[in-house]
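Below you'll find a set of structures to go through.
Same chain, two partners: chain A is paired with chain B first, then with chain C.
Presenting the complex of A and B:
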């Protein structure tokens, strides 16, 4: 990696610190101000006021809010995310189990969405002024009008119920057992430990949720790529390449696509961030054991430590994906590297 | 194949191009012989670029060849299939573009793009690098090996154009089409580029189609010249013949409206109006030039005159006075120097500096700053016309912006009528804007497209209290008359005006507050010569009627000489020479001024140009 890319990543990391501090304070503060009572949720019906007070003290909820925040932050720095009030387990462990599942899903969704978007964008561009472009144009408008979670439900109805060819619950077929964890990433672990049936089943289970997520990205990538290509093809250097007798497909790939990719890359950065938001509902609908499902459970049970931690992890993920996209953009745009 | 001497490389036979059925280019016939340079000369929108576009098949939407043929080595390019045409382009026929900076792809290095061209020419991969280096050496680029790794935006316009020229000649083509190849470049770069194109064209015996708006430049570069007006050939012949003995009233007007760099300063003769847009060509009856022609008679508008032989290979499309030497536009009265009254200067700029701090880029790296203006001192007396000349990046526009208060000076003083207005606020600001007004370079973008002309020219009255509608209308009408605009344009919008009219509106708007000094930044550089002459004369008239002063920023020495009694030459933010215009331009002392003067093609065709030393390495 070039020196400039490393500088960029370093700068981004420095910038991330104040952002994460603000976000954590905001999440922490709002959760404490809301009339949510995690203790009441986790006690049996017959508990006395003394039981209640004891539990409150054990979780430190009797202290002032700034005090609680400082304690939480202090532990966070040492890697201690606290204990789940509802699950009674270490929050770090809960996240370590859920995060890889979500990352795999988002990665697959993003790859799928970007691939469909690029192919579709190229198709729309090469069919410009013809019937095919109008059909795709109409199609993308329709796709964009429907949110991910509704797509999730529609996909289940179509390919899970009406035409039962794809699974839509969980991460694996029930008869399979998880391979021994190596990294925590199921696809990777099952591949390296040779559990190919697990790998196949996991991929098969991810088809519908990943597709539901991809639908959120693909139409936008398609449209932005198409319109950037239409702009770029008007540029002087494209005309000059034609006047040099460079074949049309070479012009498209070497001259037009390289320049049109720049706005598309920026868009993918933004959309990649949004996609993590999309996973919350999509994971819930598909009962997919990822971060989103963990978040939903935590919210349902007023499990403050888990909500805080997962919120923060989402923030880190979005910042991370933006930094990655910036590095890709830097690699694709020589003006930023040398000017 | 072309090459057998005698038979033309490119030949147009009755070539006709139409826009949705209406004839735009009409019945063009010409021939370019091997090793010959043909100049296509005309103002913007005359259709001169259309021929290159027919060859490259890049005609804009709606345009089509509707008649005649364009033969290249005996094959008709018009009817040729796409694939054989593509095989010719870049190989047998090459192009040199107008805007070298945008003609190269910004995300690919020079080496990658040149390499791609050689790949297309089927040069084996192992040989490409050496070929590129030697081609770039031929166009006198210094350290070509290092250039291969650079991106186009790291090069100057002149360097990019050299790269384009090297690529064009790489295949030893039979024909090169160069469309305004020097228009986007500085004057001294123009001389270098002309020198290189001409030299390589001679060495390789390449035929060249040289498209330009500049008759004087064409007469220097070309063997033959073809003058186009509104899609018609109005005159064609040997370059020297056409430029020394022009016969068509339009060719004569082109010459008469272009101020010379030497001799007596005479008032420029101008044509009325402006050439209509391309869509309007077909509705011009008879001779398309008739409506603007100073010697037309009743017959001109009834039939298209044929091209008539008036000398050896010299032909003119005119039924009128083309046969005699003294008809058509002749230069006007000599200009007399206006005596300046001895009053204090309107504007006095004292040792003004402008430093731009280097910006931090998005990675937080600070770039070194730049001194755009280094200690400039200028003063302009009431009614005095002062010119500032220099190439792009010389700081002349920054100086204009400092004078107007659009930028704050880093140090130094700016005085208006003896009042220090450097602190750009309150009373000082009011005094400055009451006395100075600016006219900008691009007449299009300086006018709000959603306002009619009346509201544009009287815009400043909105700030003054109590100016009623009637008062505004009366003022608008007076300003229109003063700037030579028809009053019925008052309710038009800028998009409905021609380029020349827009610049007049800009001038009218600047005059609304009755300023004592106009600051004009390159206000005629985007206009055609015939319209440019009208605007220049308007400025001279305003000095007579209003006693107004002018600070005129321009890269064009001849225009500055025509208007200004005093001139400052700027380079890299410094004033390197100043004095009376005739003295500075007639006997330049500073080497930079000398190189600027040498870069302008002289009137006298016996003086060789470009100067021999012009094409030094960069």
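Presenting the complex of A and C:
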């Protein structure tokens, strides 16, 4: 990695600290201002009003909001994310179990979305001025108009029920068992432990949820790429290449696409961040045991420690993606390296 | 200008990719039916923890009952049945000492025998164990507060000593959190180890668990009540109702629990599927207060008279939701079957007229309902708003999250009426009126001191006949005075393949240990 890239990452890391502080304070404050109480949610029969107060005290909910925040932040710095009120388990442990599933899903969704977007963008560019472009243009509008969770349901109905070729529940077929955990990443673990049937089943189970997420990214990539290609194709170096007799598809792939990719890379960074938000409902619909599913449970039960921690993890992931995209952008754009 | 990326090339590539994808579909995915002897269930909720003594959550009791045993259990009609305990009865004249005889042939999944010492550990030692900082007491510590000591007489006999009478003690032994866990194992592996690898004495062993995704259960060969007919069960934890419908419709699962009523009605017409829509022992009611427009008894009574429960049941629950006149389920001990609170728009209009209100001059109230927490909740609430409008009650309907409901219930700031469902799989009257009507209870919304002398003596009344009659009278009194607006028994839906023999339980529990596949 170049020195400039390292400097960029360092700057990004420094900048992330105040952002994380602001986000955590905002989430923390808003959650506590809501007229809901996690202790009231989980009171068992036999509990009295005095028991309620004792429980509030044991979770520190009787203190002022700033005081609670400072305590929470102090523990966070030591790596302690607290104890879940609903699950009664260490929040860090819950997140460590759920995070790999979400990362795998988002990665596959992003790869699918970008792949479809690039192929579609090239097709739109190639068919410009023709019926094909209009159909694709209309198609992308339709794709963008429907949210991920609705796509999830439509995909289940289409490929799970009407044409039952793809699974849509959980991560594995019922007859398969999980391989011994190595890293927590199911795809990686099943590969390194030689459980290839598990690997195949896990990948197959990821197709529909990943596709539901990818649909949110693909149409934007298609449109931005098409529009960038239309700009780039007017450049002098493209004309020069044509005069030298280089075939049109070679010009497109080797020269135009590389330059047209820059705005697309920025867009992928932004969409990658949004994709984490999309996992919340998509994971619930597909019974996929990731962070989104955990968040749904936490929100339903007003489990403050889990909501805060998952919110913070989402924020870290978005910042991480943006930092990676910045580095990729730097690598792809020589002008920035010189600057 | 042309490129080589023409339409034909792209279509060819797409067709090729599609063909490859189809060829690559694993056989297991295309298989429509579960492998013989294996059952797959789409279940709507996950356990928060595999410690069955920790949380009193009605929605997951069926899962706990697969892995753990309770001292007593229930028949399908919810009458009590011996389980780990074969005989029970009070051994003193004050009914403060409950003698229990245990089976001698029960072993936990780790092979160790279950004895009265394990019972003592689960019901007395664990609830009283010190809680680490930031931790939380088990729910059993609240429920069994009246236990003073459990005397272990022998491995198969224990005597539970209470500090004061607890007439619902026997009912609690087959209700929430009352499971026997292995003392030696829990102490050896610690709480974390137990939650990760739970060991019970139930009909199934938990062999795999992915939080939020699935639980895999294998039949316990040494189960005291006989090995279950179905050897392996995969419980797919599918929270989304549409996905559960899709799962059963596509036969990815053999059984789906709590599908929307309309979908259950539709699936009943699908060949190969059996759809059950049944009223259970849980009840749906309006949690009412004396706030705002409901300050006067006559308005609440009018509001009750104006609700056509039969019509709501027919329209939204296929007629399955049995209307109730008191806050208890039909057929349970505390339900006065000779009492009917009538639907009567005329009576409602007359009561409101006394206060100067009518359809032209309606009284305004606020009404809250969850949306999606209970079957057809918001639709039913909207129907009630229309029924009230006809007689002169103008209800402003708002949605309420359950967490907000609980907080407002605690703070006493609920609106005039809130649509709510109350679970009581045991069917004991204390677990209906004893909680919902007792002004001292944290679960009651309507606080009126004249109910206290009717309910509170019953909480220590050990004469069963007097206790039951007392609850019947209190339930009836509350309805007649406008202190409660019960609606109907909650509806449970279960859709399964027609090759599966299932047993319905009135309490709504789904217990696959009694199921089998047809030969």
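Operating definition for what follows: the second predicted complex is superposed on the first by the 339 of 339 C-alpha atoms of A that agree within 3 Å, B and C clash if a C-alpha of one lies under 4 Å from a C-alpha of the other, contacts with A are read in each partner's own complex, and residues count from 1 in each chain.
Methods note: contacts are C-beta pairs under 8 Å (C-beta built on N, C-alpha and C of every residue); 3 or more make two chains touch, one makes a residue touch a chain.
As the structure is a computational prediction, the values presented were derived from the model and not from experiment.
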Chain A as common anchor, with chain B and chain C clashing or fitting: fit
First (chain B), second (chain C), both or neither touched by A:36: second
Between chain B and chain C, more extensive residue contact with chain A: C
Which of chain B and chain C A:151 touches, first, second, both or neither: neither
Chain B versus chain C as contact partner of A:302, first or second or both or neither: second
Chain B versus chain C as contact partner of A:28, first or second or both or neither: neither
Following superposition on chain A: angle at chain A, chain B versus chain C, Cα, nearest 10°: 150
First (chain B), second (chain C), both or neither touched by A:123: second
Which of chain B and chain C A:175 touches, first, second, both or neither: second
Superposition-derived minimum Cα distance between chain C and chain B (Å): 11
Those residues of chain A which chain B touches in one complex and chain C touches in the other: 247
Residue numbers on chain B that touch chain A, as the complex places them: 56, 58, 86-91, 94-95, 97, 99, 102-109, 116-117, 120, 151, 153-154, 164, 167, 361-364
Residues of chain A defined as touching chain B within the complex: 4, 7-8, 11, 235-237, 239-247, 250, 254-255, 258-259, 332-336, 338-339
Complex contacts: residues of chain A adjacent to chain C: 34-38, 40-49, 51-52, 55, 58-59, 82-83, 85-89, 94, 97-98, 119, 122-123, 126-127, 132, 153, 156-157, 160-161, 164-178, 197, 200-201, 204, 247-249, 252, 284-290, 293-294, 296-297, 300-302
Chain A-facing residues of chain C, complex: 1-7, 10, 22, 25-26, 28-30, 32, 34-35, 38, 40, 42, 46, 48-49, 51, 54-56, 131, 134-136, 139, 142-145, 176-177, 195, 207-208, 210-214, 216, 234, 236-240, 242-243, 246-247, 249-250, 252-253, 401-404, 406-410, 431, 435, 442-443
